[in-house]
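So, here come the structures, one by one.
Two complexes are shown next, each including chain A; its partner changes from chain B in the first to chain C in the second.
Presenting the complex of A and B:
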């Protein structure tokens, strides 16, 4: 269980993270969304014990990051957005080094490393030098490094950056698999559709403030912008747009050519049915009505202003 | 009164006494004994594993693996490194061969002087990236989130380099021993140095050589803990060592050119080459060893050992101070 309680970080007169609180349980895959400089990495680094919070704290399985950082480090795996690997060591030696850092007993290490390499699909590269690996493989090696001590919390800061589509898909699968094994996973990313695919919880942060937090569906439902309706007609779309603009729930209605009206609509289903009835009653020949579903990206764009970009 | 708990570090060393003006109030022989027993149990319980982890099972020995990977493994990308290693081995064999050829004329101090100069350069060269290099390649965070203390990181990295320096001393030993055993002085005496006092001098100057290189290495580790770039660390370390060992002695020599030798001896107590030469000269000049022994031998080694400990401690302190703020 991870409880982030009123976490704050100030640098001189800049408040990088403002009073962030949230809770995650085993199996939660939390997508941390925000523009560059929004405060994602700062928050993650505070949870990872790399940055000391100005105020507030985070508690992982009952251990406070400020009181016992060493105990927290034994329970977490951290993959930074930019990381370097040691040159001149082989993949196995690299993982063995980190396993020894995390006090994995020497007799268990070969088995643990074998499992991590299998899980990250790097078994064939066991004896390769780390500098000879491709970017995608290095990302996977870094993830394997995070897993050698079987942490209960994984902090993955932009894990998919620089990966090709296949490597991204593999990474997604791996994260889902790890989530199923009961780990708490925090993933920050800019690629919103991807996060929506495999995260069961999201948080949107801007200027250090957590603007939304919760299950993906709930966040989309609670924060979605006005629905976009598209009405297809045989003709006279401008006239239909003028009529619709005056109706309940219609925020804006614009004709797109002679045969289509697009409108922002925040009414309920009753009001939506009323639109159709009014158009038919006025003699408009309607071919269909389609709703553009709002997604995480729409919510993100609605909530944030991109001020920190 | 409840006995002190040896498992609780926080309360163990806390002085527990009732509030009041008398600072000794509440301190009874029984409470002091209990506190002392608990402290002793704590120390013996935790000290052993701590020492073992710090010095013997320290995972930072990866530096040695990296050294092996860089110079000994056969990979196409390591061609340049392997060439450098091959040249070093050839140079080493050539030096040993030359020492053998010149064994009758060569003073045993010469190979040790070469070894000292080389180690004063190679130690910092090996140590400059220990911490700044981790920052350069952005692998420092990965170490910082591991459950390893800063003292273990610093000590482990130092021990890796120290092991290499000991290996270098051992590598030079054949040359030193050849010169020591076969040197013939101007009177045709080949046993001048092969005495107990000659052996002691040899041990002392080997000690000074290793200790001075160790101090230079730990100084570089300290710089590496402070600086962000490995290259800047190396430049600073080499320039300060050149200043200390070359420029300062020249300046001192100019300043005290008319002074007595003892003033210079006092001022140059920090200088390994000076110390080595003075100790060895004492064999020729019939200077009694006890004076030099007290002045340049063990005290010089002790000074360097102390400096090394101070630099390692300072490096650990810098890292502790910076933790959570980088």
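Presenting the complex of A and C:
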């Protein structure tokens, strides 16, 4: 269980993170969304004990990051937005180094490293030098590094940046699998469609402020209460828009050219059917009606203004 | 791949276990708490923890193991070692041919001793050049590739990590020394030195290697550029060599060498067979040099660890506490061995304490000078907070400096009791002098911190002010000396210099007066600086709250100056229009 309580970070006059609070449970994959400079990395680094919070704290499985950072470090795996790989080190040696840093007993290390390599699909690269790996493989190696001590919390800062589509898909699968194994995973990213695919919880941050938090569907529903309907006509769209604007459930109706009407609608299916009937009865030649489904990107764009710290 | 494949056979520790195991562990710990473990079990647990930590630090240190693998990968090391052995071979052959033509046995013996000295000076030179280069970039390389974050997000203490770096460098140094053994053995076989001398010299040389490595690690932790780290490290190594040689010459006599020679890589052969009498018992100088050297390493490593640890962490408090205690022990060791004054009637022990405190000039800016930005980050922290001495906040700077001076004075007193049976009467007076001088230097740091915004700029100003305060009066004093004293007489003007109590004919009373004067001056500067700092921080806070674009110096940016001339109402209107720019 991770409880982030009123976390705040100030740099001189700049308030990088403003009073952020949220809770995550085992198996939660939390997508932390925000523009560059919004405060995602600062929040993650505070949870990772690399930055001292100005105020507030985070509690992981009952251990406070400010009171016992060493215990927290044993429970978390942190993958920053850079690789931080050593030159002249082989994949096995790299993982062995981190396994020993995390005090994994020497006799168990070969087995643990084997498991991590298998999981990240790097078994064939066991004796390769880390600098010879492709970007996607290096990213997977970094994830394997985070797993050597079987942490209960994974902090992944922009894990998919710079990866090709295949590598991204593989990484996504891997994260989903780790989530299923009961780990809490925090993924920061600004590639929204991907996050929506595998995160069950999201948080939108701008200028250090958490603007929205909750399950993906809930966040989308809360911030887009009205459905968007698009009606295709042969002509006379402005007149149709005027007619529709007066009907039950229609919040707003605008003509988009001569042949299309877009409207915000919060009525039920009966009311929706009534719209069609009214249009046809009034002599409008209707070609079709479709619903424009709101997604995370829409919510993000609606909530944020693109301002950064 | 399924989740079962990844699950380990048993959890790495209680804290990394799943929620159920967590609960079970918690129940267990609650139950054990209720049962109140006995003293014996507590002792057993502490011993086991200590053994585990020691094993991790010294025997299976991850940083040492990784560095060692990398150091010897590829042909680079083999080539370097080959060139090194070749160079030593050339020097040895040259010396051998010089000696082989000599028939007179006395002359031959003298030449053999010269041969041994040449070899050891060559080794000292190599150690002095190679070890700083290895260590000055060790932490810096990690910082530059950002892998240091990955290391410190793991449960490893900075101390353990630094010791790992030392071990890796130490092994490299030892290989260099081992490769030179066939050549130094030649001088033993041919009668130039004894095996005892050679073993002692090797031991002390490797100690120098560790000292230089720790100096390199300190600067590697402190700076951000490779060039700066190398320059600072080599400058510190040169200063160290000069200082130890100077102290050796000052505190040694014709018949008894000082242990300080054992702490200098170029003169350690003089310490190899020499002793110092402590309570009439001859103690080998190499043993004393080793003890003093280890204390120095501990202090320098503590300082390096302090730089790598975030403020308010318990690790930092431990490191600082250890540094203060180690400094006291170092002062005691030095004072206990400075039994034979270089000249009669001097205040040599008090002067030694002042000299030991000289490196504070490198410490004060890092303790007390942050610039307005850094001060704001620490909030108004005040002038003097005893608790801050161990946590490293601005208000803790002065208590920390006083703790170091106190430890130095106490250590010197203990050392004097050991060596002379009494505490020199000048010691309290010189302690007041040190308190005054370092308070003054601290106040300059506080002034610079309250005056400039950035960290580097304010530290540069502090350095300039300190150098100016010491150096600038000299031309005035020279003029006064000529005008008032006529270049002769009691040389009154020079007693006004801050350093006069340390000059050729030191006077304890003068030191006391200087101490009080500098304490008062420092107090006034610090009081003014703190007031100014509080005002500027307050102004900043007000500016931030009202989103008024006021610069740190309290002046308005030219861009916004026009708004300052308008009515508050109009100003507010314009500010709204500025949007993000205004804030």
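What we mean here is this: the second predicted complex is superposed on the first by the 275 of 309 C-alpha atoms of A that agree within 3 Å, B and C clash if a C-alpha of one lies under 4 Å from a C-alpha of the other, contacts with A are read in each partner's own complex, and residues count from 1 in each chain.
FYI, a residue touches a chain if its C-beta (ideal position, glycine included) is under 8 Å from a C-beta of that chain, and two chains touch if they have at least 3 such contacts.
From a predicted model like this one, the values you see are computed outputs, not experimental measurements.
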{"item": "Clash or fit (per the criteria above) of chain B with chain C on chain A", "value": "clash"}
{"item": "Chain C versus chain B, contacts on chain A by residue", "value": "C"}
{"item": "Partner chain(s) touched by A:32 [first = chain B, second = chain C, both, neither]", "value": "neither"}
{"item": "First (chain B), second (chain C), both or neither touched by A:48", "value": "both"}
{"item": "Touched partner set for A:63, first chain B, second chain C, both or neither", "value": "second"}
{"item": "Which of chain B and chain C A:131 touches, first, second, both or neither", "value": "first"}
{"item": "Touching partner for A:300 - first (chain B), second (chain C), both, neither", "value": "neither"}
{"item": "Chain A positions touched by chain B in one structure and by chain C in the second", "value": "48-52, 70-71, 73-74, 76, 78, 80, 82, 84-89, 93, 97-98, 100-103, 145"}
{"item": "Chain A residues within the chain C interface of the complex", "value": "1, 10-13, 26, 48-52, 61-63, 69-71, 73-76, 78, 80, 82, 84-89, 93, 97-98, 100-104, 106, 108, 111-112, 115-116, 118-119, 121, 145, 147, 149-152, 177, 180-182, 307"}
{"item": "Residues on chain B engaged by chain A in the complex (per definition of touch)", "value": "57, 59, 62, 65-67, 69-70, 73, 75, 77-78, 134, 136-139, 141-149, 324-326"}
{"item": "Chain A-facing residues of chain C, complex", "value": "1-3, 5-9, 11-13, 15-16, 18-19, 22, 26, 56, 60, 62, 65-66, 69-70, 73-74, 145-147, 149-156, 310-313, 373, 376-377, 540, 544, 580"}
{"item": "Residues of chain A defined as touching chain B within the complex", "value": "48-52, 70-71, 73-74, 76, 78, 80, 82-90, 93, 97-98, 100-103, 129, 131-132, 145"}
